[in-house]
Amino acid sequence: MSEKRTGVFVCHCGNNIAATVDVKKVAETMAQEGTVAFSKDYVYMCSDPGQSSVIEAIKEHRLDSVVVSCCSPNLHEGTFRENAERAGISGFTCEIANIREQCAWVHKDRTEATEKAIKISRSAIRRVAGNKKLDPIAVPVTRRAMVIGGGIAGIQAALDMANAGLDVVLVEKLATIGGHILQLSETFPTLDCSQCILSPKMVEVSRHPKIKLLTYSEVKEVSGSVGNFEVKILKKPTFVDAETCKLCDDCAQVCPQVVSNEHDLGLTARRAIHIPFAQAIPASYTLDEEACLGLNPIRCGKCKDVCEAGAINYDMRPETITENVGAIVVATGFDLYPQEKILEYGAGNVADVLDGLQFERLCSASGPTQGHVKRPSDRTEPKEVVFIQCVGSRDPAQHCAYCSKICCMYTAKHARLYKHHVPDGKAYVFYIDIRSGGKNYEEFVQRAMEEDETVYLRGRVSKLHRTKDGKVRVMGVDTLTGQNVEIDADMVVLALAMQPSQGTADAARTLKIGRDKDGFLAEAHPKLKPVESVTGGIYLAGCAQGPKDIPETVSQASAAASKVLALLSKPTLSHAPTIATVRNSHCTGCEMCVTACPYDAIHLENGKAVVNEVLCEGCGSCSATCLRAAISVRNTSPMQVHEMIEACLSL
Amino acid sequence: MINVQDIRDTARDLLAKGEVRAVIGWRAGSRGMAAEPCVVTKPEEADSLVWDPTCYHNLALQLVNDRKDLVHSKKTATAPIGIVAKGCDARAIVVLLQEHYFKREDVYIIGVSCENSGVLDERKVKAQVGGFAPSAAAFDGDNFSVKTAKGDKKLAGREVMADRCLECRTPFPKENNTAFGDDKTGREFDAQFAALARFEANDEAARWEFWQRQFDRCIRCFACRSVCPMCFCDECVVDSIEMKIAPETTAEEKANRIRWIERSAVRSENATYHMTRALHLAGRCVDCGECERVCPVNIPLRLLNTKMEREAREAFGFDPGASIGGPSLVASFRDDDPGEFIR
Amino acid sequence: MSHSHAHANTYLPKLAKIVHIKEEIGGERAIKTYRLEFENGDGFDHEVGQCAMLSIFGRGESMISIASSPLTKEYKQFSIMRVGRVTKAFHELQVGDVVGIRGPYGNQFPLSAWKGKNLVVIGGGVGLAPVWPIVTTAVAKRADYKDITVFYGARSSKDIMYREDLERIRGQATVHLSVDRAEEGWKEFVGFVPANVLAKKPDPKNTVAIVCGPPIMIKFVIQNLQQLGFTDEQIYTTIENKMKCGVGKCGRCNVGKDYVCVNGPVYSWAQLKDLPQEY
Amino acid sequence: MSMEKTLDKALLSDWIAAVTSGGWQVHGPALEDGIWTFKPVAASVDLDYPNVKQAPKDFAFPQREIFFAFEHIKGEAPRLKEVKPEAPQCAVFGVRPCDGRGAVRMDKVFSDNVNDPYYQERRKNTAYVGLACNAPPSPTCFCKSVGGSPVSSEGMDILLTDLGEIYIAQAATKTGEALMAAADKLFGKMGAADKKQLDKVHADAVAAPQRAVKDAKGAPAALKAGFDSAVWEEMAKPCIGCGICTFLCPTCHCFDINDEMTGMSPLKGQRVRTWDNCQFPDFTMHTSGHNPRETLGTRLRQRVSHKFRYFHENFGMLQCTGCGRCVSECPVGIDIVAVVNKVAEHVA
Amino acid sequence: MSEQTYEPKIVAFLCKWCSSAGSDLAGVSRIQYPANATPIQVPCSGSVSPMYILSALKKGADGVLVSGCHIGDCHYLEGNYLARRKLHLVKELLQFVGIEENRFRMSWVSAAEGAKFAEVVKEFVDDLRPMGPQEKLKAKRA
C-alpha cells in the first residue's frame, strides 16, 4: 500500500554475466530509480550466501519487493520467490530481470549489453512496483475421477485408480467396453489371444464396487476445472434391461432387420437387436434404434413379444447424467485411416483387399470364419497373400505424415498368423523399413521371416487391381534389387495408419483440450508431461494421444492413473493467483472477454463479467480485448506494461 | 416516398397506448435548415417529428444516453423506448444489442428507409456556396434548393449527399419493429469503399503527409467520440482521470489511471487517439459517418473507420451491424485468418 | 480581494521541504499531517482559511487548506487525506523530500472582525483541518475572544485527527468530541456531530459558528444551529470545488459568479445561500 | 477614432509586407481542408470570407501552453525551469467584430485578480486588424442582440471596412496607429464621400436583420429566475457533451493543468496548460466522484449562464458576443439563442 | 541523432511460453544478435493490446516486435489466434496512415527456435536501420 521499497540484486553469474555486462554499473544505476531502496551486485545470487544476502537486505532495508537481475526466470524464479517468502515478503513481489540468456550471452559489446541490462532491470523494477502480494488460491477437490473411453487404456486406468480406492466413472460410447483389442485375434509379440488378456479385466471392471460403468454413453458438456469438473453425460437407451436380459438370443432370432456388424468390420451381419459379441460387458443385448424398423410408434415389436424375461422396454429414453469429478482421463482411442482415401489401392472397392483389423477378424477364432482364413469374395483359402505396410502413414503429401508405429509389428504378426493357418500359403510383405523397437520385437519379425518364410520386399506398391481370374494384381518395385515386382495375390492386407478416433475429436471439442497437427490429443509437454493435457486435471492415455501398442497403452494408462491419484491425494488444490480480475465499475457487460477467453473462464452476472478463479489461466486475452480496461491480469496489468514500455525506451 | 405523417401517427399511437415511454426522433431545428434530435414523450408532441434529408444524426446515440440516464438515476424502464431509425441508425442499434448494451425488447424500432436518397452533407452544401451557411433547404427528390447569404442555389443530390450515403449498402433498416419506405438496397451510387480505394492509391509518404495534417488539426473536442453510439464507454482511453468512480474505487486505482494519451492536442497524442479509436471501432463501426460529420475541423474520420471496416470484411468476413448474434470481431478468430504478415 | 502578484508567475510553485510527518489516521483513506518549510527563503504569509496548491512533480497538484496558524511562521502545516493520484503520492513521501507549493489562495475567515465574540468551531473528519487555524490562532490570542468551543466528531476514536492538540487546548477551550458508534472506554458523546451540537446547545448570543466537514454533516449542523437560534450571518463554512489554477481562471471552481478559489472557500451561510448549489 | 484612412485594395499586400518588415508575423484567413483558419500570410490575403471556424483566441491563449519544465533526480530537490512563452508579434488581419469583442472579454479574465503571465505576454504581442461585417450576416449571427455590432471595433487595433474598391482603415489603438504609420504612404485620406459611404455601409450592416436574443438586458435576471427550470434538462437532452461549443467560442477560457512526463529515470516532465471546458463530464468532478454538475442540463446551464449571467454579474457585460459558432457547429443543434429565449419565456 | 550513431530502439513483447523461451535458447546457444530489442515478457501474445504498440511508438520506439507461439501451439490454446487477428488490424492501420510498415513486426518463435529468434531480431534491426528514427508518432515535448 505504501511506497514500494524494492531491492535490486544484480548477479555476475561468475563471469557469465559480468564478462559482458558491467554489473556494478547496473546496480548503481538501479539505485537511482524512485522505488529502489537498496541495490547491490554479487557473484552468484543463487548460491546460499547470495540468497541469504537477499534475506538480510529485505530485513535490514525493510524491502517489500525484490528484483533479481540474473538468468532466465525459467531457472530461478522459483528459487528467488521462495527465498523472498522465507524473508517474509510475498513471493509474487519478486521479479526476475533476465540479463543472461536475453542479454549477456547474446551480445558482445559491453556498452550495449550494459545498457540493455539496465533497461531490462529497470523494466522489472517497474513491473514489481505494480505487483500485488498474492496468495495462491486454494480450491477444494472432488475426489472422484472419470475415464472416457473403455478400450484397454480406459480399462487399465479405471482399474488402477479404483484399486487405489478412488471412485471412478467409466464412460464408453459403444454398448460394450473393450475397444479395438477385442477385434484382434492374437497379439504380438507373444501371440496370446487378445480376448484372453482382456476379458478378465473387463469382468473386473463390471464387478468393481468403485467403478461406475456408463456404456452407450457420451460426454456432452464439461464445466468447472481441475479438481472440480461437472460432466454431463448422455446415456442412450439400449431398450434392454441389462439386469434382466438372459442373453438367450431369442430376440435377435426374430428381428427382421439385418445390418452390417461393426465388430467384424462389415465381414458379417447382425440384427437390429444384438449383442456386440459374446463377452460384451455389460452382458446384455442392445436394440440399435437406428437399425430398428421404428420404435416411435412401434412398427414391429417382434423382439419384445419373444422376450420371455421381459427385458425389452421400448419406453427407455435418453438420459442425461451429471457426474462431479476432480480429474478426467481421456482414452478415446483410434480409428483406422479410411481405406476409401487410398485411391491408389482401389479406395476400398477392390474385393479381397482388406484392412488390418478385418484380417484380424479373419484370423480370430470368434471371427466370421471361426478362425479359418478365407477370402471374403469366394470363401476360398488364399494361397498367396500380400501385406502392404505404411498405407496412409509416412506420406505427408497425401495422407498422414507420421509413422503409425505398430504396423510393422502387426504385419509381421499377420504374416505369421496366416502361415500358421495356411502353412502352404505364401506371404509377401512390402515395407519401407522395419521398425521393431521393443522388447522381443525384432526377434518376432525375424521369426516371421525365418520360421514362417515370409518374403519381405523393400519397396512401395504403386497400384493394384483385380484381374479377370479373380486375383489381385499387386504392382510394385523392389528397391533393393531395383526390379519391378508383380504379384497376382489371392488377398491383400493393408496396414493402414492409425488415426485419432472420431470420438477423440468429439471429446477434445467438448473438453476443450488441444490436439496436435495430426488430430491426436496434445500432451502438455512432449517429453516431461506426456500424459497431461494442456488443461489442468485432464490426462491422456492410449492411442488417442498417438499410435501405440498394447504394452505402451497400458503403461500410459497406469501413468495417467497415478497422476490422477497424486492430484486427488490432497483435499485442496492450489491455483496460481495471477489471474484476471474485473473492475465492475468499468465493465459494460459487452461479453467480448467472454468470447475471447480460451478457457471459458468468464461469465456475466448482473451484466458484469465474473472470472472463475480456477478456470482462468491468466493468459490476458480478455484484457487485450476489453475496450474499457475493465479486466486485467493480476501482476501484469496494463499499467505495469505501460511503465515497462517506458523503461525499455529509457536511455 | 415516406409520408412523415405515418411516422407521427405511429409515434402518437405507441405513446398513447403506453407501448413506449418516449420516441426518439428528429424535429425541425431552430438554427437554419438542419433538423435536430428530440425525444417525444407525449402523444400530442408526435406531430413535431420530421423526416427529411437533414435528419443526419444517428439517433442510436440517444438510446445510449437514455440507457446511461436510467442507470444513473437507478430507474427501471416502465416500457420500451421508441426510436425512429434510418438504415445506419439501425445497424448501430444492432451492434449495441450484440454488445448487450440493452435488450431487444427494450427498444421499439420505427424504421425509415432512405430509399433512393440519403442525408445531406452541410459541408458540401457550404462548399458549393462559398463557405456560407445555408439557411434553408428543400428537396424535390433529385435536387436541393438552398438559400444562403450569397443567394439561392439548386444543387444536385449526388453533389451534396453525405459520402457515407453515397456508399451506403443498407438504406433500409433491416432490424425494425415497423418500417416505412421501400428497401432499395440495389440503388446506384458509389461502390462501397470507393473513397478508401482512392486514398490507398497514395504512397506511404503521401499517406503520412495527409494524416499528419489531419491529426495536427484535431482540437480534441471529442465530438467524434461523444457522437459515436459505439463509444459508449463510461470512461474512454483518452480520459486522463478516472471517470467511473464508485464508493469502492481506491486511491490506488485513481492514481493508476493510465495516461495512454495526454490531453495536449499535439500530433503524437492526436494520432494515438484516432488510431486507438479506429481500432476500438474495428468490427463495431457501422459507418454512420457521424464522427466525420461533427468534426469541426473536417478530419476525414470515416477513412480511418472504413479502412477497419473493409479489413473486417475482407480479411475476416465480418459485417458489423448485420446481425445481433455472433461474436465480436476481435474477440473471435477463424483458423484461416490471414497471417502472412507474421514472419 | 486582490493580491499583488502583478509580476510574479502565479503558476510557478515555490519549493518546500517536508520537515515533519504525522500519521493521523490509517486505513484506505488515511490522513497524514505534513509540515513544510520553504526552501531558499522564498515563501509567503497566509491568513486563516486560505489554502495552497501543493505539487508533486510528475503527479500533479492538489489544493490543500493551510492547517497551521498564520502566527506560525517557521512552517506551514497541511493535513492530507489519501484519496487520489496526488494525495496518494504525498502519502509516500518522507521527511526531507521537497515538494512544490504555490499560494496562498482564497479568502479568509474574518477572524479580526470576530474579536470579542464567542467562537464555536465544528469539524468532522478531515474537515477539522481548514478550521483548525481558527482554533490555534484564537487560542494564541486568547484574550481577543470570549468562549472558544470546539466540536469534533469522527467515525471512531481511531479516526480522530489532531488528538493530542485537541487535548492540549482543553484548558483554553471547551472541546466536545464524539464518535459515531459506541465503543469501549469512550467517555464522551456517542453519535453524529449535529446531534452533539444540539445536545450541548451553544448559545447563539454574540457567537459565530464555523462548520467544516462532509457535506451531509454541514447540512445538518446548520439546520441544528438555526434551530438553536443562529442566524445565517452567524454561520460560516468552507466549500470545496475542483480547482486547477487557484486564481479564478481555469473555470473549474466557478459557481455562479464566484470562483471559489478567489471568492471562497470561506462563506457565511447567508452568502452561500445565494450561490447556485453547485459544490 | 483617431486615425481613419483609405487603403486601395490592391495595396493591401504592400501594407502586409510593410507590417511584416516591421517585425510582425501577419496572419490572415485561409481556406484549408475546407475550413477557414488564420494562417501566416506570405504575400497577400483575400479578406472576402465569412469567419474563421475557430475563434482566434489561441493567439493569446493557445490550446497548449508549457508553464515550466521539471526534473527530479533521486535524493536531490526538484529543479524547475520556467518556460516563457515564445510569443512572436502577430498581427491578425480579418478579425471579425464578434471576435474582437471576444478578445476584450478574454483580457478581462486573464487580468482580473491575478495577471496570467503567459496570456499577457502573448496578448501584448498580438494586434487585431478587424474587418467589419458588411456582407449579409450568416443565419447564425446574433451580435447585435448581445450588445455588439457588425461594425464594432471593440478589441481591435484597427477596423477595416470593405467599400468595394477600397478599405477604410480606422485605428482604434496606439498599436493600430503604428501599424498604419508603418506604411503611411500607402494610405489615403478619408474624404467626405468615403466617410459618407462608410457611414452608409455601416448603417446598412447594422440594419441587416439577424437572429436575436430577445431580451439580452433581461437575460441575467431571467437566467437567475430560471435557474431551477426544467427546460435545461429538456433542452440538453440531445447534447453529447463535446467540446465544440466551447473550444470554438471566442470567450471560453477554461483550462486544465497537467504534468506530462518526458522521462522517468530520472523523473522529468513539463507542467502544461491545455484547454478544457465545462461541457466535459469530468470538468467539475471531485476526486470522490461527486460531481456538482453531473447532468448535461446542469452543464448547459453553466455554459449559458456563464455567458449571459455570471460574467455580467462580474464584469457588467455579457460574455457572449453573438458569433454564432456554438450554434452553427453544435452537432445536435443546441442553440444558445433559442435556449436563452426559451428560459426567459419560461420564467416570464 | 546522427546517421552513424542511430541505433533503432525496439520493444519486444515476448510470450512467456514460446518466444521468451526461444530467446532463452538463443542465449544458451550463444547465438549473437543485435542488442536493440528490449524484451517484455507477457503471458501470451493474445494479451498484447494494440494500445501497447501505439504506446511504444508514441514513447519513441523505432520498432515494435510481438512474438508468440506458432499457431496451434499456444500455451493458452487460442491466445495467438486472437493476437493474429487483432494485430493484423494494427498492422493495416499503421500502414494506412503512412507509418513504415516494417516498424511493427510480428513473428511466431517456438521455444525450440533460438536461432529463429536471433534471426528475427537481426532482420528487424536491418529493416529499421535504413528507415532512421521513428519520428511520426513519437511524442515531442518541448
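Order of writing sets the labels: A, B, C, D and E. Residues in every chain begin at 1.
The criterion applied here is as follows: a residue touches a chain if its C-beta (ideal position, glycine included) is under 8 Å from a C-beta of that chain, and two chains touch if they have at least 3 such contacts.
What you see is a predicted model; the values in this text were computed from it and never measured.
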Count of contact steps on the shortest path from subunit B to subunit E: 1
With centres defined by CA atoms only, which chain is the most remote from subunit C? A
Going by the touch criterion at the top, tell me which pair is linked by more C-beta contacts: A-B or A-D. A-B
Report the inter-chain centroid distance for subunit D and subunit E in whole angstrom, where each centroid is the mean of the CA atoms. 47
Let me have the rounded angstrom distance from the C-alpha centre of subunit A over to the C-alpha centre of subunit E, please. 33
Note: subunit C sits from subunit A at a C-alpha centroid distance in Å of 69
Which residues belonging to subunit D are in contact with no fewer than two other chains? 256, 258, 260, 264, 267, 269, 276, 285, 287-288
Among the residues of subunit B, which are close enough to touch at least two other chains? 237, 241, 245-246, 249, 252, 254, 260, 262, 266, 330-332
Sites on subunit A at which at least two other chains make contact: 596, 625, 638, 642, 646
Quick check: in the complex, which residue numbers of subunit B touch subunit A? 99-101, 232-235, 237, 244-246, 248-249, 252-253, 256, 258, 260, 280, 327-328, 330-332
Show me the residue ranges of subunit B that touch subunit D in the complex, using the header's touch definition. 29-32, 34-39, 57, 61-62, 65, 72, 123, 127, 131-135, 149-150, 213-214, 217, 219-223, 226-227, 239-241, 243, 245-247, 249, 254, 262-266, 290, 293-294, 296-298
Touching subunit E in the complex: which residues of subunit A? 72-74, 98, 100-103, 105-109, 112-113, 115-116, 119-120, 123, 512, 514, 516-517, 534, 596, 598-599, 617-621, 623-625, 633, 636, 638, 641-642, 644-646, 648-649
Residues of subunit A defined as touching subunit B within the complex: 1, 130, 583-586, 588-596, 604, 607, 625, 627-629, 637-639, 642
For the complex, which residues does subunit D have touching subunit A? 73-74, 263-267
